[in-house]
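The structures come next, written out as structure tokens.
Paired with subunit B in one complex and with subunit C in the other, subunit A is shared by the two complexes that follow.
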Partner chain A sequence: MTRLLVHARDFRAYRALLDLHARAGWFRLSIVAALPVAWIIVANLAPLVQMAMISLYDRYPLAPGTEPQFTLRHYTAFFGRPLYLTAFLRTFVFGTAVTALTLVVVFPIAFYISKVAAPARRTRLLLLVIAPFWVSEVIRSFAWILMLANRGAVNSFASWIGLPGTPYELLYNNVSLTIGVIYLTSLYMLLPLYAALEKIDRSVLEAASDLGAPGWRRFTRIVLPLSREGVVTGCTLVFLLTVGLFAMPQLLGGPNTTMFATTIGQVFAKAGDSWPLGSAFSLILLAAALAYVGLFMLLFQPRRRKTS
Partner chain B sequence: MSKTFPRREFLKSTAAMGAGALAMPAFVSRAWAASDQLNIWAYNGFVTEEFRNRFEKESGIRLNIRLVSDQGEQFNLLAAENGNFSTDIVCCAGHRFYQFVDASFLEPVDTSRLSNWSQIETEYAEADWVSRGGQRWGVPLLIASMGLLYNTETFTDTDSWAPMFAEENKGRIAYQIQDFFPIAMDYLGFDGSAARYRGNTDVAQRAVDATRDFLIGKKPLVRRFYDSGTEVQQMMVNGDIALAQSWSGAASKLILDGFPASYTIPKEGGWAFAYGFNIVRGAKNLDNAYRFLDALLASPENGAAMVRETGYISALKGTEALLSDEERKVLFLSPEHRGRLTWVNVETAPFIFDLIDKAAEEIRAA
Partner chain C sequence: MRYLRGFSLPAYFWLFIAYLFAPLLVMAAMGLRDSAFIAFPITKWTTHWYADMVFDREMLSALVLSARVAVLSTLIALAVGLPTALLLTRTRGVMRAILVAIVVMPAFLPVVVSSIALRMFISRLGIEPGTAAIVFGHAAGSTPFVAVMALTRLDSMGHNLADAARDLGADEVIVFVRVVLPWLAPALFGAFMFCLLLSFEDFVRSFFLGGFEPTFPVLLFAKLRFGLNPGIAAISTMVLFTTMALGLYAERFTRRRRLRRDDQ
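This part shows the complex of A and B:
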């Protein structure tokens, strides 16, 4: 690599670039920022702008030779039909509950890997937890269908050991959806938690123990406050992922677990001029989810002390 | 030896690369329009492997087939392509093709270019569900019905839709909302075809609202709203459901595979529609599209192969004679049951389906 860079200095254009780079701070900044900024504009903002425009069209796709008429009726449709609000509120309640459950399930795992397991085994344990995420969401959903169906592994086992009332209805309801979503999003909770917990100095925990603090007190007074940033980041990621889920609620959910993202998906999937309505609903969901998360971060994000 | 890379050359190379990237859609577009190609969007089993190999060998035309899962997917893909379509042929259902026609996605079919058009059963070739505005918009190939599928180990013979709304079957029921909705309207004494409501939106809206509220009230009985035929098969096999509104194709395949189930058209009625191939507007390989469609219509063997792949009935003459007794028994309805079927009314379909689609979203969201 070094030889390549040395060789590159033979080119006048490269030398000119290096000179400019050395002289101008703005140039250095623009080189570093150019690719990420371009990516954000092209991949993230442009589709949103396009969606915002379509949401204001009277109809889309436009018939050949016609001009779009602008309207707000697709936004008012959301408030005009209370049944949409049901799915919308269900999404936020479900997202909040699943985020809390994911935190409860994943926290002990993150704590074990970061604080209890031997340092040499930590990478292997993390890999073990990450491994299922190499398989797609849809395939993992089908795996859960095989597990939870009336003739699936769980019911077969329950029946085999003689439990009464089998088969249990475990699929196409909140049970299957909650299990599936926790399984799907746990990695996004684990990694921020692991990063936060690993930073906690072991000697602080040992000192508290030496001074007689029982386990629960060490947890509430040291571990939880010091890992708060990881908790907030993990919860934010899991919540935003959960409210936007489409495939898994479609595969594992039932008639009474319809999430708002599924409703949006159905609107878009319909043959007809339904894109403006779907776009308006998508933007409403995006704005509400960001506001909800913003409020959460405002309340729970640890404040950084100002340094003089 | 020192090498230099003059700025002008650098700019020239960059410009050439940029122009190449910008011109890429044109190259791709030309590939779509290659004379020995034909691009088709079709459901699984509509172009059998055997036919595809034979056609490609005999005609020298390569078939590029993209499998699709429903009408909405095809509609939205065409909408996104905004007139520069990457396919030549799509696969529309008879009761939904009007949306494609009204969106200017399709080209009328010139039957004089299809020498084998007469091989289609007359009742399907002349049917009004391939016509709109005085023109013919598709080549009908497979005939589907919507009826009641039930597990014969759980249910004795049933001749009514009533078990789909019975408390004792809670958690064992599944249906596809949009397709079941007209059936539920008929069951409640309304007119699912909307022929009675022609021009009277308020009356139709009241009928749709009443049916919607009825289905929302019965929602706790439903195990799942499904979207594809394979889902209903899978739920039956897994023992998650015991009865469902089903398309005849999914039901027939399940029964022919040996699953203990039966498929019937209940006394309150069922619905029939056809699938066909349609040519998109401005198809880049129009001649190849006609050659393909004519070859498909040429022999009842092609129809029989499609029937075995999909479980639907073929619209081609002479297909029935090529099927086994068992296949005929499962696939074909008795005259009595056939008489209970209603064909989707193409004139009222746009009007009623608009109302039903909105109601379906609300049922799902409720």
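This part shows the complex of A and C:
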């Protein structure tokens, strides 16, 4: 390979290109920049800009030969029907609750792997926890349907050990959806928490315990403050993931657990001026989620202490 | 605290592992039920669902489409993500922060939002919903991960290696092929596996950008709503073990490299 590239220098055109690369800064930059910039524009920016435009159009696609009429009516339609507003509020309440629950459920796991388990076992335990996350959201929803259905594994087990009142209605409600969603989100909480907890020096904890701090005190005064960055990152990731969920609420949730992302999908797929309406709703979700997360980070993000 | 360390925390950990794996084992067992319906308890067992599903034409063509889309979109994401990382290493300060924000944006947007935006955008470009559209959508979703993984690796490289090669008479092309690429190889392999699985698992993008041919998750989603049988559990189990094995292999590979590097 190298020999081939050395022989390539026998060609004048190749030498000229190398020469240009050595002398001209714009050439160096454009070799690296052309493809990424073009891609960023086509894949990341243009679709969103177009979406913002469409959300303001009276109707889209435009009939041939007509000029677009601008209107805000797709944004005001959001407030027009309680159906939309309830789904929207439910999504944010649900997202907040799931984020808090995930934090509580996963924190001991991250603490156990990073601080209590023997260092030699850490990688293996971590891989064990990560393994199910390589499986698709739809497959994992299906697995939980099999667990929680009326004739599913849990109910079958409950009646086998003789619990009264089986089958329990476990599926298609908030409980099943919460169980399933935490199944999806826990990894996004675990990895930032693990990274933060791993950095805490064990001797700090030992010092505190030598000085007589009880367990809960060591937790609130040392572990929690020192892992704050991981907590904030984990919560942000989990919240953004939860408010965007589309498939799982349809599979594990019931009629009373419709999430806003699902509403957007339904609005978008309908006939009529569905595209402008879907666009407006998408932007409302995006803006609200980013504002919510931004506020959260502003309040809880650890500030870098000034070094003086 | 000693009580917590000695017993409660390990017990809680293994309980959590049970929570993670029990549903998957239940699904694997359901694939063995000798009946046309899905229900517990299982009294008669059979392996014919597993055997049949390997040759089920509908499932197979969906799996093949998913695999094709995964490979194509990952290759595109690598081809775009690598130069993106190279570009990011050459920028500094505010410019870099803005560029990074734009590059990683697709990873943070709600997937429904970006899927709908792409769906409307491809119709503007004159592309019909279908395989090409899905590949484009998945590549758009994967590129941020390639760029960030390659960038992390590049940041740890330093200038010495490339400078040494140049002093020894290598031109820029040789430096790139013989020094930069080998240095990046583990990160690129990790990104390759990650994006492959990311694309293979994706439901939302394929749902909005797909045509009449469903990818595997889209087909499964439809089956879950209408037409459940133990065969669906069987095929899901087989897909599950395959993706899990691939994911573990990639994770082990990258982690082992990292550990070895730390030792040096």
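Some points to look at:
Criterion: the second predicted complex is superposed on the first by the 255 of 308 C-alpha atoms of A that agree within 3 Å, B and C clash if a C-alpha of one lies under 4 Å from a C-alpha of the other, contacts with A are read in each partner's own complex, and residues count from 1 in each chain.
One rule holds in what follows: a residue touches a chain if its C-beta (ideal position, glycine included) is under 8 Å from a C-beta of that chain, and two chains touch if they have at least 3 such contacts.
Source: prediction; values computed, not measured.
In the superposed model, A:I145 lies in contact with both subunit B and subunit C.
After overlaying the two complexes on the shared chain, residue contacts for A:V93 are found with neither subunit B nor subunit C.
Of the two partner chains, subunit B is the only one touched by A:A63; subunit C is not.
In the superposition on chain A, A:A289 makes contact with subunit C only, not with subunit B. Of the two partner chains placed by superposition, subunit B and subunit C are both touched by A:F268.
In the superposition on chain A, contact of A:A247 is made with subunit C only, not with subunit B.
More residues of subunit A lie in contact with C than with the other chain of the pair subunit B and subunit C. Touch criterion met: A:P167 reaches subunit B, while subunit C stays clear of it.
On subunit A, the patch touched by subunit B and the patch touched by subunit C overlap at residues 60-61, 145, 149, 151-152, 268, 275. Residues 1-2, 5-6, 8-9, 18, 21-22, 29, 32-33, 35-37, 39-40, 43-48, 50-51, 54, 60-61, 105, 108-109, 111-113, 116, 123, 125, 127-147, 149, 151-153, 155-156, 160, 183, 209, 214-215, 218, 240, 243-244, 246-247, 251, 261, 264-265, 268, 275, 278-279, 282-283, 285-286, 289 of subunit A are the ones touching subunit C in the complex. Taken together, the subunit C residues at the contact with subunit A in this complex read 1, 4-5, 9-10, 12-13, 16-17, 19-24, 26-27, 30, 38-41, 79-80, 83-84, 86-87, 90, 102-103, 105-106, 108-114, 116-121, 123-124, 136, 139-140, 143, 171-174, 177-178, 197, 200-204, 207-208, 216-217, 220-221, 224-225, 232-233, 236, 239-240, 243-244, 246-248, 251-252, 255, 259.
By the touch rule above, subunit A contacts subunit B in their complex via residues 10-14, 60-61, 63-64, 81, 83-84, 86-87, 145, 149-152, 167, 169, 171-172, 250, 254-256, 258, 260, 262-263, 266-272, 274-275. Residues of subunit B that touch subunit A in their complex: 2-7, 10, 70-76, 79-80, 82-83, 96, 99-100, 103-104, 171, 219-220, 222-225, 227, 234, 237-240, 354, 357, 360-362, 364-366.
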